[in-house]
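For reference, the structures are reproduced in the following blocks.
Next come two complexes, and both contain chain A; in the first it sits with chain B, in the second with chain C.
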Partner chain A sequence: MNRLVFLLVFIFFLTGCMNNYGIDDLAMISGVGFDVSKHEDHHLDITAMYQVPTETDVFEYLHASSNSLENADIEMMSQTKRQVVNGQLRISLFGEELAKDGIFPIILSFLRDPSVGPLVSLAVAKGTAKEILITKLEKEPNTGSYIETMLERLDEEYVYPSVNILQFTRSYYDDGIDPILPMILTTKRNILLDGFALFKDDRMVASLTNEKAIYLFLLSEDFKKGVIDLEIEIGGKKEDVHLSYVRTKHKIKVKKENNDFTVNFDIHITGNLEGYSGKQTLTKDSVQKELETKINNVLNSEMKDLLSFLQKMNVDPVGVGEAVRNSLSYNEWKSLNWEEVYPKINFTTEVNMKIRNMSKFQ
Partner chain B sequence: MLNLLKKILFNDLQSKNSKNKEIQKNQKPTYSHIEEEFSKCADITKKEYPQIHLQLMYFEYMIAKEMVEKVLFSKIEKLNAENIKSFLSQHQFQACDDSKEAVNALLAGNVIIFHQDQTYIFAAINLQTRAIQTAESETIITGSHDAFNEDINTNLSLVRRRVKSSKLKVLKYSIGKITKNTVYILYIEDLAKPDLVNELKNRMENIKVDAIYDVNMLVQLIEEYPTSPFPQIFTTERPDVMSSKLTEGKIIGLMSNSPYAFSAPATFFDFVHSPDDYNQRWLTGSLIRIFRLFAFFITVTLTALYVSITTFHYAMVPELLLPSLIKSRSNVPFPPIIEALIMEFTIELLREAGARLPTKVGQTIGIVGGIVIGSASVEAGITSNILIIFVAVSAIASFVIPSYVMSSSVRIIRFGFIIMAGFLGNLGISIALGFLVLSLTSLTSLKTPYLWPISPTQPSNWLDTLIRAPLASLNNETNTSKKKKNSNKNKR
Partner chain C sequence: MMKEKLHPFQIAVLIYMIQSGITIFSLPRIAAGAFGTNGWIGVAIISIIPMINILLIALVFHYGKGRSIFEIFEDLVPKVLLRPFFLCLAFLWCMLGILVGKNFGLLFKMLYLPELSPTVYLIFTLIFVYFLVSKGLYQIGKTTIIFFFMTIWSVSIMALYIAEFKLDRLTPFIFKGEKELLTQSFEILNAFLGYEIIILIFPYILKSRASIKAMFYGNLFTTFVIYVPICFIAFGVLSFDQLKNETFPVLTLFEYIEFPFIERIESLIFSLFSLKALITVVMFYWAGDQVFRYSIPQIKPKVSIVILIIISFGISYIPQFLLDVGNWLKWIGRIEAVIAMLLPIILLLIIGITTIKRKRNGSKNGEVL
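What follows is the complex of A and B.
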C-alpha cells in the first residue's frame, strides 16, 4: 500500500519532466510539401506552412532539406520560436519530379508518426510543391486548408475523389490495384485541380486529364453525383452534351479461357440531360433514343482508349487485378505473373445510358 | 463546532465521574431525587400543594399551557386530602415506578406529579414547531409541495397520510446519549426484505454517539463506506418521495428535530431522479433523466477536457475552432491547469457564498460573480473566454442533479479530474473515469449494489432507471413486491 502511494505521488512529480507547451506556443503545420532537392547530400526539400497562432490569417513558412521528414525537424525548429507539431496536418503535396522518384518513404514517416492522422489528404503538385504552398490567394491565405477543402468538395459534389494516407496506403499494398493521386496546379492567381497522377507502386508513371479521368471513375466506382460532359457526332456535326445528377452502377465480369482473360465492364448510367448544343427537339422519344446510343458509343470508345492506354503504361488504377484475383483461387493468383498478364487482357465494355430527365425547356 | 465538541466531551466526562450519583434504573422516583437531578436548571418549574402533599414539576415552555391550566391546575386547587387519591386514579395520570422514565418524560415535555411516594406522568407535550411548508432544497414544478419539518410526529403523519396501510410498520429508537433523538424506522411488511430490516436494526442499535442533530448526520453513521465521496443513503425533505420509497420496498427513517428523512438501500439513480419525472409525461420524464446523466458526465469531465486539450491534445480541436481557442488562450499567463483551478475555486466560493447568504443578497452575489468577475477576469487576462464557458456549463450541469448532497460530491471529484487532466491529459481523464466507475461499482448501500440495475446488469429494470417508461408499462407493482408475492405463493 505504501509503495503504491509512493508510486502515485512519484508519477505526478515526474510529469514535470514532460514538455507541455500551451496551445498558443505551437507551430501547427497545416500543409507540407516535398520536392526533389538540388542539394547534393540531401534528397528532399521540405516546405511547411503554419498559421501564426495569435494572429488571424498570418502564415509562416519553414524550409528544410534532408533525407527524411524526421530529420528535417531540427532544421525546422531552428526557424521558429514555437514548437513544431504535426497534429493539425491537413494536406501533403509531392512535387511531380519527386512523385516520379517514389513517395512511399514519406508516407511511411506519416504512418509512423502517431500525431499524424490517416485522413491527411495527399496530392501531386504540377511543378514543385513549394510553388503551390507559397501561392498566396487574395481571399484565401490558408493555402493548405484551401486545397484540402477544394479536394473534399470535389469528392463530395463531383466524381473526382480525394485521396488520403489511408486510401493511398491501402492501394499501395494491395496487389490488385494501383494508387492514384489528384494533381494540383497553380497559376499565380489560383490553385486548381489538373488531372490525376497514376502510380505504379509509389512512382508516378502517367497522368490523366480531368476529362479522361471521369472514364476511369466510371469504370472503377459507383457514384450518385457529378456531371459528365461529352462531345457527340450527329450527322457529321459535333454537338455538346451535358449530363448532371449522374448515377452509375458498374459490374466487372472476368472470363478465363485457356490462359487468356476477358474482362467485361457492364456500366449503367442514368442522368439528367441538362445541356445540349444541337438543334433537335429533345422531347421526342426517337431523339432521346438516338442521343442515348450516341452517348453509349462515345463512352464505349473512350473507355476502350483509356483501358488500352492503362495497359500500355502497365498501371491498374481501375482495380482489374482485384476482380481477376477474386475470380481465381489463391494458388492460381499466386502462380500468375500479373505484370505480364495485364497488358494482354482483352477488355470489353457495355455502356447502357438512360436519360432520366430533361432540361426545363425543350 | 469545536465548542460543541468540547461541550459534548466535557459532559461525557462529567457524567462518567458522577456515575454513582446518577439515578439508577428501576429506582423508585422521589421528588428529592428528581429535584437533585435537575439542580441548577433554572428553567424548570416546581409547584407545591403542601396541604394535599402534592408536588408538580415541568418545563413551562414544553407543555400545552391552556390545557394544563384547565384540566390540571384548576382542578387540583379544588382538591382536598380525601378525594385526591380518586382524582389521581383517572386514566390520564400514568403511574410511574422508574426514575429514569420519569426523567425522560419530564424532558420530553410532560408534567410529573408526586403524591406521597407515588409518581405520575401527565401527558401535556406541546412543542412549538414550524408549520408544514414547501420544500426548499428540492423544489419541483408539478406534484405535491409539502415538506417534512422538525417535528417527528408531523413527519410521521405526512407519511401515514400517503401510505394508509396497516402493513406500514414503525420501529422506535433513541439515538444519542445526550441528545436522545427519537428515530423511527418505517417499512412495509411483505415489501421490505426482512434481512435488510434486521441489518438496519442492528446498525441502529450499534450507533454509539453522544450527540446527533440531523438525519444527514445519522446516515453517515450507518452507511457502509464512510470514507467514500458518494452518499450511500438517500436523504430527502419530500414526504412524497419517501412514501414512494416505502412502496418500492425500501426502509425509511425519520428523526426528531430533522426536516429530512432517509431511505435505504439507495442506488446511485435515486440521487438523480426527481418526482417531476413521474408527474410529467413519460417522454419528458425520460428525456430529462437522460439529460441528468449527461449533466453528471459534463460536470465531471468538461473542465478537465479543456485542460487536457489545451495542454496536450491540440490535434483534437476542429480546424475552425482552433483560432478562437488559441486567441482566447494567448493572453493567459498561467498553464491551463492553474487557470482552470482558479476558476473552479472561484465558482465554488460563489456557490458557497450564495448558499450562506439571505436570498436577496444572494442574487447580488450571483451578479457580481457571474458578470463582473467573469468578464473582468477575461479582460484582465487571467482566464480565457472559452474556459469561462466550460466552467459555467459544468457548474450549471452540477445543479441539475436534484440531490444536493450528491451534486456537492460530484463537484468535489471534479477537482480530481482536472488535476489528472493537467498532468496526464486524456490518459489522466480516462484513469480518473476508471477509478470513478470502480469506486461506484464497489459501493453498496445496505448490502445492495450501488449501481443496480446497471451493475449487476438487469436490463428489465432500466425502464425506470435510465428512462421513465410509461406508467402502464412500469406495472405499478414493483419488482420486490412481485418477487415477494411469488415467494409467498410458493410457500403456500
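What follows is the complex of A and C.
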C-alpha cells in the first residue's frame, strides 16, 4: 500500500516537467521606457530592452504603441522569438512629456502584475525615454541596469534618493506629501542624473536642478552621507566651499494661529570642510565661526527660496502636509483645504551648521 | 494502552499554527478597512474575542475534568441526536480544511505559478493529510513543531523595514476614516479562527495548569508576536490609502526585501507558508475525522479519513475561482465563528446541569439513606 502511494506521489512530481523554460528562450526585459505616442489612436510608445541570453553584451529592443502596458504585450511578443517576461525588470523611464500628462495608469499596471516587484526604479527622462534606453554606452552596454545601479549608488553614497514603485505609490496615495522622481539625461556618450521632477498627484509640474535638490533633501530627510557645495561671499569675494560626510538632523514644528500656519524647520548639519577656495587660514577659531555663519546664511536663504518656489508651484515634496496633518485633529485636517492653505504657509528655517574638522592640509 | 500526551509547548505551537494562515498576507489591509487609521490596534482588540473563547474552552476542560466533549454531551443528550449534529460538524470542518488548501493553491497560481493546476497542489496536500491524520494527533504535534521552526524565522525579516518605517505615517488619528467595522472585523476574527479545534484535544493533553496556560500563550503569540507587529510595520511603511489598495500588503513588504545573494525572497517565504496552511488543513481534517468517527462508530479509522477526503475533494470542485473560494470561506468562516463561541458555552451549560442533577440525586439518595 505504502509503496503504491509513494509511486503515486512521484508520478505527481513529474508534472513539474510539463512546462520548462530554458533561459535561452526568454526575453527578460531589464528596462522599459514610456513616451507619448505620435500615433493618433494610441497613447503610449513603449520601448523595452532585453539582453540576448545566448550572447554577452548584445541587447535587443522591442517597440510597441498602445494605450496601456498590458495591451502592448502581443505587439512585443510578435517582435521576438523569445518569451517576453517582466520578472527581471530593473528600471522604468517616463518621457518628460508623458510625465506631465500623468503616469499613474502605468504604475497601476506594474502594481497589478505579480511578476513585477515593488523595487523597480522609476525615473523621468529628459527628452524621450526611448532616446535614453537606446543610448549605447561604451563602458556599460546594459543601459537599463546601468541607470538603476547609478541611481542606487547615488542613493547610498550621496543625498540623492532613488525612487521605486513602492515609494512613488506611497507618496502618491499619502495626503501629506507629493512624489518626486529623479530625472535622467543622455548626452550620446553618457547618461547623467539631471535633477528631480516634482509631481502633483501623478503629473510632473516642476523640476529642480541637482544643486537645488540638495536643499529639498535637507528639509525632508536626515542623512548620514553626502556632500554640499556652496558659494559664499567673504569680503566681497565669492569663495567655494565643499563639505563632505555631511550629517543632518531635521525637525519640523507646526504652529497654528487663527487658521494661519507657521512651519519652522530646525536643521542641524555637521560636515568636514574639505574644499575651500578662500585665502584665510582655516585653523583660526574666528575664521571657522565666520565660515559657519556665512554657510548658515546661504543655506537659510536657499531653503527659503526653495520653499517659496514649491509654494508657487503648489507641490509639497517635503512632506509639510504630513507635519501639519499630525498637528491637527482628524476633523480639522479633513475640513482643511490643503491646496489653498499650503501656498499661504509662513515658513521659517533655522540652520545650525557646524564644521566638524578642516582639511588635512592647511 | 497508555497514550502519549501533547507537551504544553506543542499545544501552544499548534494553536499558533492553526490560527495563522494566509489571512496574514492581507491582514493589515483588512485592519485598515475595519478600523481606519491605526487599525493595527484594532487587531489587538479583536484578539480579546478568541481570548474569551479560549477561556471558555479552558473552563470546559477544567470543570469537565479533562473528559472529551463527546462524554460531556452524552451526559445529557441522547446519542441519536448527537450523531447527526457531529456529522454536520465533520463536514463543516473538512470543508473549511479543503477550502483553506484550495485558496492557498489558487493564490500560488495567481502569484507565482500561473500554470499550476490547483488540483495538483490540492492532491499533494490531501496525500499529506491522509498520512498525518491516520497517524494521529501526537504525530501531527511533532510535525507542527518542525514546521514551526521552519517558518518562524521569516518573521525576523520584518526588522529590515526600519529604514522605510516612518512614525509620521501612522498619523495620530485613531480609528478614523471610512470603515466597515462589522463586516471587516469578522474577517479579522477569521484570521484568528482555528483555535476552537483544541476543544477536541482534551483526551490528548495532560490535565494540568500548564496545558491550559499553553492555550493562552498560543493565542498571545499569534496576536502580539505575529499579527500586531506585522500590521504595525505595514501601517508605518505604507501610506494609509496605499495600504487599503494593496490586496496582499504583507507579500508586498516581503517583495521589498533584497539580499545581495537572493532576489524575490517572497516566493520562498510564500512557499514556506504553505507548510503553515498545511497544518491548518490537517488539523481541520483531524477534527472532522474525530467527530465523523463518533457519529459513525462502525467505520474503520483509516477508512474514515479517506471517505472525508474524497467527499470534500468532490465538493471543493464547486467553487472554481479565487473569488468563489473566498466567498465560501467567508461564509463557512462565519458559521465556524459562531460554533466556536457556542460550543464551549453549551458544554459549560451541560456540565452545570449535570452537576446540579447529580447533586440533587445525591441529596435524594442521602435522604433515603
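Quick notes
The working rule: the second predicted complex is superposed on the first by the 342 of 362 C-alpha atoms of A that agree within 3 Å, B and C clash if a C-alpha of one lies under 4 Å from a C-alpha of the other, contacts with A are read in each partner's own complex, and residues count from 1 in each chain.
What we mean here is this: contacts are C-beta pairs under 8 Å (C-beta built on N, C-alpha and C of every residue); 3 or more make two chains touch, one makes a residue touch a chain.
These figures come from a predicted structure and were not determined experimentally.
Once the two complexes are laid over each other on the shared chain, residue contacts for A:I23 go to chain B alone; chain C is not touched.
Legend: residue contacts after superposition of the two complexes on their common chain; A:G117 is shown touching both chain B and chain C. Looking at the superposition, the partner that touches the larger set of chain A residues, chain B or chain C, turns out to be C. Once chain A of one complex is fitted onto chain A of the other, the partner contacts of A:N326 are limited to chain C, with no touch recorded for chain B. Contacts of A:T56 after superposition on the shared chain: chain B is touched, whereas chain C is not. Residue contacts after overlaying the shared chain place A:V9 against chain C, while chain B stays out of touching range.
Residues 12, 15, 87, 117 of chain A lie at the contact with chain B in one complex and at the contact with chain C in the other.
Residues 309-312, 314-315, 317, 319, 322-323, 325-327, 329-330, 335-336, 423-424 of chain B are the ones touching chain A in the complex. Interface residues of chain A, counted against chain C in their complex, comprise 5, 8-9, 12, 15, 18-19, 87, 114, 117-119, 166, 169-176, 319, 322-323, 325-326, 329-330, 333. Chain C makes touch with chain A in their complex at residues 37, 110-112, 115, 117, 120, 123-124, 127, 168-169, 171-173, 176-177, 238-242, 245, 252, 255-256, 258, 264. On the chain A side of its complex with chain B, the touching residues are 11-12, 15, 20, 22-24, 26, 28, 30, 51, 53-54, 56, 85, 87-88, 90, 115, 117, 145.
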